[in-house]
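Order of writing sets the chain letters: A, B, C, D and E. Residues in each chain are counted from 1.
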Amino acid sequence: MNALLNYVREVIGGTWSLATGMGVTMRYMFKPVTTVQYPRQRLPLPAAFRGPIELVRLEGGDHRCVACGECFRTCPSGVIKVQGHKSVAASRNQGRFYFIDFARCSLCGLCVEVCPEGALRFSRDYEQCGLSSLVGVQDLMAKLKEEHP
Amino acid sequence: MHRQALTEDTFYLNLGPQHPSTHGVLRLLLRLDGERIVECQPILGYSHRGHEHMAQNRTYLQFMPNPCRMDYLSGLMYNHAYCLALERACGLEVPARAEHLRVICAELNRISSHLLWFGAYLMDLGAFTPFLYAFDDREDILAILGLATGSRLTYSYCRFGGVRDDVGQDFLEGIRAFIPKMRARLKDYDTLVTRNVIFVNRTQGVGVISPELARAHALTGPCLRASGVGYDIRKAEPYGLYPELDFDIPVRAGGDCLDRYLVRVLEIEQSLRIIEQAMARLPGGPVKATGVPQFITPPPGLYHTSYETARGHLGIFLAADGTRVPYRLKFRVPSFGNLGILPKLLPGTLVADTIAILGSMDVVMPEIDR
Amino acid sequence: MAWLSNIPATVWEGLRAFLGPLALTMIVGLLLTLGWVQVNALFLVWLERKVAGHIQLRIGPKEVGPFGLLQTLVDGVKLLGKELITPAPVSWPLFVLSPILVFAPVLVSFVVIPFGPGTQIRDLNVGLMLIFAFGGLGVLAILMGGWASNNKYALLGAIRSVAQNVAYEIPLLLSAMSVVIMAGSLSFQAIVQAQEGLWYVFCQPVAALLYLVGATAETNRAPFDIPEAESELVAGFHTEYSGMRFALFFLAEYTNMFIVASVATALFFGGWRGPFWPGPWWFLLKVYLLIFVVIWVRWTFPRLRFDQLMNFAWKYMIPIAVLNLMVTAVVLKIVR
Amino acid sequence: MVGHRQEAPPVSLAVLSQVLDAVRANSLWPLTFGLACCAIEMMAAGAARFDLDRFGAGVFRPSPRQSDVMIVAGTISRKMAAIVVTLYDQMPAPKWVIAMGNCAIGGGPFTYPGQYAIVNGADKILPVDIFVPGCPPRPEALIQGMLELQDRLTQGGRTNLLRRFARYPRRAEPGGRP
Amino acid sequence: MSADFCQRLGRRLGQRLGAAALGQADYRRQGYHLRLELAPDHLRELAAMMAEEGCYLEYITAVDRGGHLELAYVFGRHQEACRLLALAAVPKGQGVLSIAGVFPAADWQEREVFDMLGQRFIGHPNLKRILLPEDADFHPLLRDFQAGPELGGDEMEI
């Protein structure tokens, strides 16, 4: 007899749990949609956001990089190629080009920390895509010049 | 691959390496008799990237981004474990505020890892909607962790002797807003999934693991705690802030898929408790020990560190030779042991159970293949 | 210009005279059905993706056309433009024939669907029988397709779909039988007429529930979608199909859903009966409400395991269906 | 018009192929093919917050026969390379490949002299159309990649009459301030 | 409670396997309580003993010390925190008895050590490569391994 009893209880309990499950989905159906309709709306980027690195821009459109190669040595994936030259014998070394291949960078942030001059910081560009595998290769100095001529 | 002429009526089925529910690239070579499984042989290595070989030719600091890419679901915990290993070896002291921030971020990472597992597991069983709800919560956590660390998945947030930089008020506000929302959402998951009769039938009594079998196969983490053995490194060998926090370890005795599910869901609740306690007593002060050299050189010798990640016991074995570069670095990865038990569980079950058992093991393939 | 306006009339009279009324209605009915099947599939796929979206807190198709309405049309045309791959080790005739055979019986079932009091292609007195007969044919085509595509996943999916449809055909018939006993005839018009005062769903709630559950299993929709279980068998029986063949399977599934819902409306929810609107509007409203419930069920529940599915059919649904039938027979005996 | 047409069609109806490409652009069904960490960001792009389904690309088909775009999300290891090529061959034409993440573009953080385990980039074994750098790239970057692929198909979006927001700014202004 | 368990375990190990090689370790810095150097042929006996004690095999790894391979077996306990690191120096090319019979967990661990460092384990159920492709003929974690151009480098075709 109790076999029949728990058969009925099983059927009732089962249908009840299915019904409450559907109740939950119905409730969620009328909840506001959480989609951020990119590219119309955009999520606010956190202040500490880590995009590809860029050179810190001083007032005169200049940068602080002295091409000491510290970032070049510490980068685990060999992303950075930097070259400097001395305009005058006694003056400090002045960076000439600063190539990075963002397609090999793992955004660990060691270069930004280790730079003695504080010449690097994280950019906030997160929407890069391109048609060739060299999409990540940029010369940061040229980019600095063209953004603020 | 040997492939005899199929005289008998069993046939080989390759589940993977590209399959919707192998969570990465795992290949299960199944011998099927109709729908029932006769023998199962997991074949690994499809996402082997040579982390341990890389460790032998870069300095300790340069190896920093690698641990987060082994188990990208608990990236911050791997990062924390790697820094812990080096701090113990070199005897570095970590300021109190950094310890608190590490514990808060690690527990948030554990919740996001369990949520992703919850969504993926339900998708394996056929319900697609909980996956979207779990991802919705996970996005909130990633937004909060983004405020502290700046990235969503591969954090590299901890450094030797502390964390990279301090957190602002919006990080703390985000967590305070997140915790009640998560608790309400856990109640909805309870009614939608835990009490659902189809889910219970699909997972109860499936893939039962006895405590002895679990110990023989070196199972750790939620899979072990679902078989009745309450072994959690945060309690067995406490590190960081855990000795001073009071939280308990959910342990279930059944050892089947349902209990592995329940252990993880209860662990989300415990992690919320830990975060609340750590937030309440968050001290001020520096977040990074001063005077840590850029190239740390731990004294020669063999070191071991244990850490409790979302999947179990992560052991880091370090053979240091006193130079800047590790001589040998071995990661004892929890999923490697957890997956090793699969060939023992599967014979005799159906294909649908294979997916349920594999899903309940919560394996991440790049962590196994290193 | 008067002659211009009555050209259709003269053509109509000519055809009616030449073909005779019966053949004319059949041809017009067939053309209307083909048109309606396309429109219905387009709308249903869009409705499913939108409802699934909103249940899952997201939006669903939105960018293509207003509210994403053109999305399904775009998907269909894209599938039309895809390469039709016929893998080499495939037994070619069955592989090609299977999508057509899945789609054909579904079309035939439109003959007896009672859209309104007069608007029915042909009121056969064995309407219900025809629908269940052609319902069974679809499974044969799925088995053919699954076996022919020489893929282990497809084979497993095909075998599962046969076992599932055999198991769920019986409670479907039994629950429909209990309605037929009350209405006294197999023809849809008679059944809908018989629901004059009281819809059958109120005096046969168990049969209605059984019918809906059996119908969800019949059309291979979650939680009974084990033939094309995405997470287990990659894509079930249509793993090897690409392009328009896959679209035919897709079309057949959604049209089958429409038919099953319309039969349920006719049997249990009073067909086209409704207070002030004309018949067909009520019928379509009820059908699409039922389809919404089927979609809602799909995005809520996990999938049953193969043997649990059989268990559920043989041990739970069939005993209850037989019990319901007997109770109805006894009550009718007493009342009449 | 980018196309992987093995051979030119006998009759070249320019308008028809433009319409077909506009249609294909708006219903790019991706193949569920996650290799490593970028797979999680691909799932996040398909999930509620970023919802690829808005562009008709949310239908993640498990079988290569029914998918149009192969999103290579993660590191292609040496053991997996042959399988990736087989999967690509199984897809019906016209098909495209999006290399998502640094590992799929050029091996990412795992390329160094003496590397023995991975393939240095998906373009060594597959004809890749769109490259989305990042480690892992944010879901928005993957959506940018999809939109870029849609523009590639429809001459820079000009013939893409179906997509309504062609007039919205595709990228935030250079400073990244949204 | 766990400290005296380690003492008792250490004493038993000392009697069974020769006291000389047993050493306490500073757990705070090194992470293990007991350290034991033993000859490779005692390994199976050690494994049997640890199985009786109810310990579980955490992992097996090997360090290439130039002339010989230093095998490291690490055993842990669920109840009390007590970790034993057993070290066995094995000249390259010489096989070692597999403990997969006692601890099934060792099956994959030994396959990985064979795959990465080429250490053969006698009596292993199916000693095949686990991570690298079947036809690979090199062991990457050996110190003298250099990935040739056909393997590493930039240009490489499939």
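Note that a residue touches a chain if its C-beta (ideal position, glycine included) is under 8 Å from a C-beta of that chain, and two chains touch if they have at least 3 such contacts.
Since we're looking at a predicted model, the values are computed, not measured.
Touching chain A and chain B together: C, D.
Chains that count as touching both chain B and chain E, per the definition above, are D.
The greatest centre-to-centre distance from chain D, using averaged C-alpha positions, is reached by E. The chain with its C-alpha centre at the largest distance from the centre of chain C is E.
We define each chain's centre as the mean of its Cα atoms; on that basis chain B and chain D are separated by 29 Å.
Distance from the chain D centre to the chain E centre is 44 Å, each centre being the mean of its Cα atoms. Per-chain CA centroids place chain C at a distance of 62 Å from chain E. Multi-chain contact residues of chain B (touching two or more other chains) are listed as 19-20, 45, 48, 50, 53, 58, 65-66, 69, 129, 132-133, 136, 139, 154, 192-193, 196, 198, 369.
Within chain D, the positions touching two or more other chains are listed as 47-49, 51, 54, 62, 79, 109, 111-112, 114-117, 135, 138, 165.
The residues of chain E that reach two or more other chains are 132-133, 140, listed in rising order. Pairwise, the chains that touch each other are A-B, A-C, A-D, B-C, B-D, B-E, C-D, D-E.
Here chain C touches chain D in the complex through residues 49, 53, 56-65, 68, 70-71, 74-75, 77-78, 81-85, 230, 234-235, 238-243, 246, going by the rule given at the top. Chain B meets chain E in the complex at residues 1, 44-45, 48, 50, 52-53, 56, 88-89, 91, 215-218, 229, 231, 236-237, 301-306, 313, 315, 317, 319, 327-328, 330, 332, 336-337, 340, 344, 369-370.
For chain B in complex with chain D, the residues that touch the partner chain are 17-20, 24-25, 45-50, 53-54, 57-58, 65-66, 69, 72-73, 116, 131-133, 135-136, 138-139, 142, 152-154, 365-366, 369.
Residues 32-37, 39-41, 43-44, 47-49, 62, 74-75, 77, 79-80, 83, 87, 109-110, 112, 114-118, 135-136, 138 of chain D touch chain B in their complex.
Contact residues on chain D toward chain E in their complex (touch as defined above): 78-79, 81-82, 85, 111, 113-117, 119-120, 124-125.
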